[in-house]
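The block underneath contains the structure these notes are about, expressed in structure tokens.
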Amino acid sequence: MAHAIVEWTDNLEGDADIHGLLSLIAAEMRDADGVFPWGGIRIRGIKLTDYVIADGKGDDAFVNITVKMGAGRPAEFKARFFAQLFEKVKAHFAELYDRRYLALSLYVEEADEAGSFKHNNIHKRFRKDS
Amino acid sequence: MAHAIVEWTDNLEGDADIHGLLSLIAAEMRDADGVFPWGGIRIRGIKLTDYVIADGKGDDAFVNITVKMGAGRPAEFKARFFAQLFEKVKAHFAELYDRRYLALSLYVEEADEAGSFKHNNIHKRFRKDS
Amino acid sequence: MAHAIVEWTDNLEGDADIHGLLSLIAAEMRDADGVFPWGGIRIRGIKLTDYVIADGKGDDAFVNITVKMGAGRPAEFKARFFAQLFEKVKAHFAELYDRRYLALSLYVEEADEAGSFKHNNIHKRFRKDS
């Protein structure tokens, strides 16, 4: 299980590549040496159309990424992987960040095993190929 | 308080009964011997229109259910109730699961009493009837 | 960092001032003696179009506010600030609450520092002014 929810303000429309960001996050997870089984990677974007940022008086924008994954991955892996992922997120928006007011954020949440239920045949697509 | 958020990918549109799933979850909660007061049951669906699943190359779909409820219900109740609920979710999608790549998931989160604030007159509809 | 997500059922459309609620939450945060740096305040509304409330048979409505912020603010501050904020939320909907079935709720969640990553130049708008 590895979920990511990417919320983004619609004043970025046409000015930022949001689907490219979803693809980037999925690719980073796929490349993490099997820590995130491919069939469990689910990245989605949520376009926000109503918001108030700071004093509500600027053309401020934000992109907020929430990762939800099962607990149990080693702390060192998490520190390294998500710091690296966030550097890639910053690089993805670097040009925009230089010319607009923009807040980027990433939060990692872990789901308790006891409260997690899964049923997923997407994994089969990858077992078949191997 | 019992909230459920059902995220679903829009490639399921016309192929799955999502509103029926919301109704099913609400009904299971209503039938739980008063553990979930009726007036606090709030189930919503969020249609996802932008996503990357696994390697992004299949016609993969997912339905992700997040339950948020107040802390304090007994662990045995929770284990039994949510395992049973998830079996009903699987049954709801069984025909679809046999012919498409689909990930179903359910996560249970509990809200801390100290950070919870409520004001709800829907409860009155049910007190009135009794 | 101070995020708030305001989910609201679309049967409130035209009957409640949701954007005014977003502005109210942002204003309360700005007025909290610097506890919430202005540049980190990000309040958004999510209109719900598919839902089942209680027995699904009333014209019930709900507004659910989730605040996500960094951990570490004093417990007394949080208890006082969010109780006061919720009183303002209730006042904002008082007239509506008197004539419709409505559930208001507010939940406060804290993000672990270890899993939080930020890059935000909106803060500069306010440093510049000072």
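Think of it as A, B and C in the order they're written, each chain with its own count starting at 1.
The criterion applied here is as follows: a residue touches a chain if its C-beta (ideal position, glycine included) is under 8 Å from a C-beta of that chain, and two chains touch if they have at least 3 such contacts.
All of these numbers come straight from a predicted model, not from anything done at the bench.
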Since chain A and chain B are copies of the same chain sequence, what is the angle of the rotation superposing the Cα atoms of one on the other, rounded to the nearest 5°? 120
If more than half of the interface residue numbers appear on both sides, call it same; otherwise different. Which is it for chain B and chain C? different
With chain centres taken as the means of their Cα atoms, state the distance from chain B to chain C in Å. 22
On chain B, where are the residues touching two or more other chains? 46
In the complex formed with chain A, which residues of chain C make contact? 1, 3, 18-19, 22-23, 25-26, 30, 38-47, 68, 111-112, 114-122, 124-126
Sites on chain A touched by chain C in the complex: 7, 9, 46, 48, 50-56, 58, 60, 62, 64, 75, 78-79, 82-83, 86, 89-90, 97, 101-109
